[in-house]
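These are the structures, in structure tokens.
Both of the next two complexes hold subunit A, though its partner changes from subunit B to subunit C.
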Partner chain A sequence: MKQLRYFAVGLLLVLGFSTIVLADDFSHIREVLHRIDEQSRFDDTDLASVLTVITEDPEKGLEKMVVRQFRRDDGERFLLLIQEPSVQKGQGYLLEGDNLWFYDPSSRKFAHTSMKESFQGSDARNADFSQWSYSSSYKIVDYSDGTLGKFEVYIIDLEAVDDTVPYPYVKLWVTKGTNLVLRAEEYSLTKRLMRSALFPNYAKVGSGVIPTQMIFIDELVKGKKTQITISEISTNKLPDHVFTKAYVERVSR
Partner chain B sequence: MKRIFALSLTAVLLLSSAVFAEDFDFESLFGDDLFMEIEESTSTTAVEDALLVNEGIEVGGQYHFNVNGSRTYMESLDPSDAFSANLGGQIFLDARPNPDFRVFAKTSLNYNTNFSEDQQEEQDKDQKQVSLRLTELFSDFHHNNQVYFRAGKQNVNWGVGYFFSPADVINVGRIDPTDPDADREGPVALKAHYPIASNNYYLYLLFDGVEKFSDLAVAPKLEYVMGKSEIGLGGFYQTDKVPRVMATISSTVGSFSVFGEGVVSFGSDKSFVEETVPSQENPFGYKLVERDDTIFQVTVGGRRSYTDPDGRFNFSGALQYFYNGEGYTDQEMLKDFRLNEMALGYFFGQKQLSLSDFSFTGRHYVGAMVGWSDMFNSKLSTSALWLANLSDGSGQLTASLSLPALSSIKPSVGVTRSYGEEGTEFGLLGPTTTVFAKVTIGSGSF
Partner chain C sequence: MSMILKVASRNILRQKKRSFLLAGAIAFGMFVITMINALTGGVVENIRVNFSHALGGHIFVSGREYTDHGSVIQRIRNEDQLTALLEENGAVIESVTKRSQALPTLIFGSKQTMHLVYGVDFEEEEKLLESLVVTDGSLANVSRHNSLILPGPIGDRLGVQPGETILVRLETLTGQQNVGEFMVEAFIEDQERFGLSAAYANRDYLNSLIGLGEDEYQSLNMFLTDMDEIDKLGATFRTALGVPAERDQSKFQEISEDEAMETFLSNVRTEDITPWEGTRYRVTTLNQIMEPVEAMVYVLNKVGLIIFVILLVITAVGITNTFRMILVERTKEIGTMRAFGMQQETVKYIFLMEALLLSLAGGVAGVGVTAIVAFVLGKIEFTTLPAMQFFLNQGHITFSISLGSVVLNLVIVLVMSLIAAYWPARAAAKLSPIKALSSHA
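This part shows the complex of A and B:
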């Protein structure tokens, strides 16, 4: 009986120690997620850029869209203005904190919309243009070491802890040392692979980095993918009036 | 920009053999340095200002040509056929000589071809066939990028309802519940817009029908952002019209966009029919009365789009309820009045009643719409629209099916069923069923 008690206590100690070891194993991965968040935020500067969105759909063929983006992370603001095609020119998305409005120039109305909606029918979602945090919106489930192309990476499995993110499960391929997300797989609640994302190019902007090429692959519709190329990046201070409904109305047709 | 597109296009074409992520060649995609140099902008104009300037005048618009045929069935009557062609479009001009000034004009042009057997005088026919309408003509300017002005004929963003918007007393045109996305005619107005952070303050001066200074209408509005919602508070005042105050709310709840409006008016601008004892003054047993009591109107609704991961179920939907305090409480009296041709002829002939007096005569309305586009990844799309006056039990249900397009020829078919007793709002002459077909030919925007 006494031996059994010693065995039970020993087992509990081993399990407890293992838990502590496992928790410690995730701590440096948690630090990696923090660094990804830090270097993708631009709290001290504004960002302006041009996004060229090319969607390849097996049914509809190639579609091109040019979008002017203004972004201010301090205050959670962004403005997306569609420049091409001419049919959609003047449509815009204005984010102010928790509120995202879509502006339709033909009705001259602003309508509330959701970050989880698809962006103009492409494989990108409105949330892809805003800031959200890997470190606070996800918990680490597991990780392993691996390589992607010529880069050594951490392969990290994440599970969402809030509903601010578009997908509940994510697998990330993150470069060791530079903490760049090269690849992401996004899964549904039933762990079905929904979308893959590839980030083969980055640009250094101040103390942060920004992906200059993003490829989103619809894993459910064969051959459907969207590529977003970012150009004309500027970190010049933008006037406050850019992030207002008044500016959206003036700039739209 | 062309270079970026060419590079992007090349990349897409190079990768086009990859259908899923696993098909990509990761060795080549992630084989080089990840960082690329940023192109420094050489422009001396600020980006945000460059978007506010056009070289010359931008011209654009929309063109449509469609052919419509229908057959209407009514109880105890032979079916009646209609066939028509409709040709028209919109043209806009947008001039932006500098970031501080802009002039915008939009016109609508319609040419209606009437194929009915009714013969009309040639001159009269021409007048009805061509219509040119100025939709918008305004200028934009500002004071120190703090207060923004829009002066002229303009569509006004006032009210948040989809099928019904009782708060919108500003726009000249009202929402057509059977086509809620259609453009509405706006007023001639001066708008002053003062945004502060996420909040917005507006003041409108309205000039339509103004013959003297005291005829000017004034409409202030405030928009406050609170959490995930936007609250609007506004008012309307004009000397010869009843004053109104209104509140709106728009928000998101999960994946739903929700909205609501509440309006309090101190009286009504409408004339109302009331039963009375027949007399020399009121020969048909009806008289017109005004209302000067406090009237409430409330509407709530929501919209949602849903696309399943496989793209088979692309749904969009909207649902809205409208409590209309301006509606009649006695619907039986109203039905009798609508069926009394002599009384109708008298009051409308004398212009004592107008069509606007007879719009939204019920107290309770519902509007609902469901659309399913690219059904099961096919080229078929369908939609259904239901509008109902719950007070008199009448309504209208329309279902349509868009068929696969042949080049730019887009056919659609559908059926509309109006129900309700005779004399009701939607079933005025009794239940009717109309089947229709429409072909849109070579239409599009430019």
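This part shows the complex of A and C:
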């Protein structure tokens, strides 16, 4: 009986120790995820930039789109205004907290849309134009050390904590020390690779960083990919009325 | 009376050729209207049947749930209430099918297209399988878990062949991305112009991709033993499931635009904001879906009626002229009969009886010819016209001749003929026997 008690106590100690060790293993990765999210978030400043979206579609060919972006992360707001091509000029996406609206100047109406939706048929999703939230939306399943090109990286396997994010499983390649996501693979619920994202260039903006080049590869449709280049980045204070429907309507005329 | 009938019959037979042409004109008019009515009736019946097979029933119950994340999803999982209702109304329900659906992107190589996919249990959907017109491939292996039946144009767009596998990108009910692999079993005739262009897959597999459990589904569809019971049973289900009653059309018209907008906005607000527990049901019937088709057929029948009336008017003018001619030809005969004591009314009735017999013979002949033509056309199989299959019953034209409309059209023909013959008949009755006998006609 006494032996059994010792065995049980020993087992509990081993299990407890293992848990602490495992927790410690993931804790610094959790910290990495927190840093990624923090770096992508601009609470103290507004952000304006120009996005050049080039989509390569095997059926439609090459499509170029120029989009002006305004972001105010404090208050979860952004505005995307399409400048080119001329047939789509004036279309816009306005994020107001939890609500994302799409404005079409031809019908002069706002329609509710979702951050999970594809952006204008490209391989980018509306959520790709907002700050990242890996630490709150995903839990760490596993990680390993590796290299990507010349960079030492963590390769982190993530699983969504609930069904509010579009991709249930994500694998990240994150540089050690600088916590920059260089590559992301996004998987379906059936764990099939759906999209690869590459972030080869970053720019330091204030205390954060912003990828200045994003490449999204559709892993299901052969030959389909989208490249987004971000330029003319500005952190100047934006007027409050920029993030209103009235402004979208006015500038879209 | 028998004398009038006898004389009228004899008069008709005296001028066989003229009587034949007159009755033939009436028969042609009767043939046209009966044929149009029978054809449209048959087409409506076939469309109703084909619609019901494609949609999987006559009455459709769909369920919606409000999720913890504030979104509305289409799902039925608690069947107790529905099961009880199905048992209560079992006498008029022939069979039940359960379906789920998704609007995925179908991908083959570098090509992709979005298309509606119904998740069905092929074992309980015999009627659907019977109604599908296969243009390529076979339905022999549809019970395979990842089988997919595709409309032909979608297969062409993707460049896929039966037996090949395509990828399907879709979202779960809560918006998560998912991918499945489907084996294309067959191409079917597309019914896009009726809004029925859909692909069909096994429900269990589709459910697993959109995040529904094995026993869950999105709509419960019922085939009834008698299609006349559709509206009644639909109302029963609406009441029992707490579905708001359909608005009275007359009341709807009385509502002003502002009131309508306010009602619409309040509904939107309610749906957006007010969460609910359990399942909210929606009940739709085949009759509601068929309303636009029936409106089209109604217009077609009206056009047929106008053609019929025009033909009748032309025939009536012909009858009037013919009887005026008969009057001239028989003036002496009428004078003789009048001289022997025949009453004015009797002369008139002989004329009217002639018109009545002619139109009756023409009308009946018209219906008879319609029946023969319908029988012959109904035997021909139109398999070379796949685009027409939705109007046909297993490749055959169906004619639905309604006894009521035939009798009504016949009555119209008879009345029209009597009216047309009335004035010559009255003129014949008013002839003076002396003048008639001394005439040179």
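Following the convention adopted for this analysis, the second predicted complex is superposed on the first by the 239 of 253 C-alpha atoms of A that agree within 3 Å, B and C clash if a C-alpha of one lies under 4 Å from a C-alpha of the other, contacts with A are read in each partner's own complex, and residues count from 1 in each chain.
The rule we apply is simple: a residue touches a chain if its C-beta (ideal position, glycine included) is under 8 Å from a C-beta of that chain, and two chains touch if they have at least 3 such contacts.
Note that the structure is a prediction, hence the values are computed from the model and not measured.
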First (subunit B), second (subunit C), both or neither touched by A:140: neither
First (subunit B), second (subunit C), both or neither touched by A:238: first
Contacts of A:222 with subunit B and subunit C, given as first, second, both or neither: both
Which partner, subunit B or subunit C, touches more subunit A residues: B
Subunit B versus subunit C as contact partner of A:59, first or second or both or neither: both
Touching partner for A:127 - first (subunit B), second (subunit C), both, neither: neither
First, second, both or neither for A:190, with subunit B first and subunit C second: second
Subunit B versus subunit C as contact partner of A:82, first or second or both or neither: neither
Which superposed partner A:170 touches (first subunit B, second subunit C, both, neither): neither
Intersection of subunit A interface sets (partners subunit B, subunit C): 59, 114, 116, 188, 192, 194, 220-223
Subunit B to subunit A touching residues, read off their complex: 1, 4-5, 7-9, 11-12, 15-16, 18-21, 24, 26-31, 34-39, 41, 46-48, 51-52, 58, 60, 92, 94, 102, 104, 140, 142, 145-146, 148, 150, 154-157, 181, 183-184, 193, 195, 198, 200, 225, 227-230, 250-252, 254-255, 257-259, 303, 305, 307, 309-311, 374, 377, 444-446
Residues on subunit A engaged by subunit B in the complex (per definition of touch): 48, 50, 52, 54, 56, 59, 62, 64, 66, 68, 70, 81, 86-87, 89, 96-100, 106-114, 116-118, 148-151, 175, 178, 180, 182-183, 185, 188, 192, 194, 196, 198, 200-205, 209, 212-213, 215, 217, 219-223, 225, 227, 229, 231-234, 236, 238-239, 241-242, 244-247, 249-251, 253
Complex contacts: residues of subunit C adjacent to subunit A: 69, 107, 109-112, 167, 169, 171-172, 174-180, 209, 211
Residue ranges of subunit A touching subunit C (in the complex, touch as defined): 58-59, 114, 116, 160, 162-168, 186, 188-190, 192, 194, 220-224
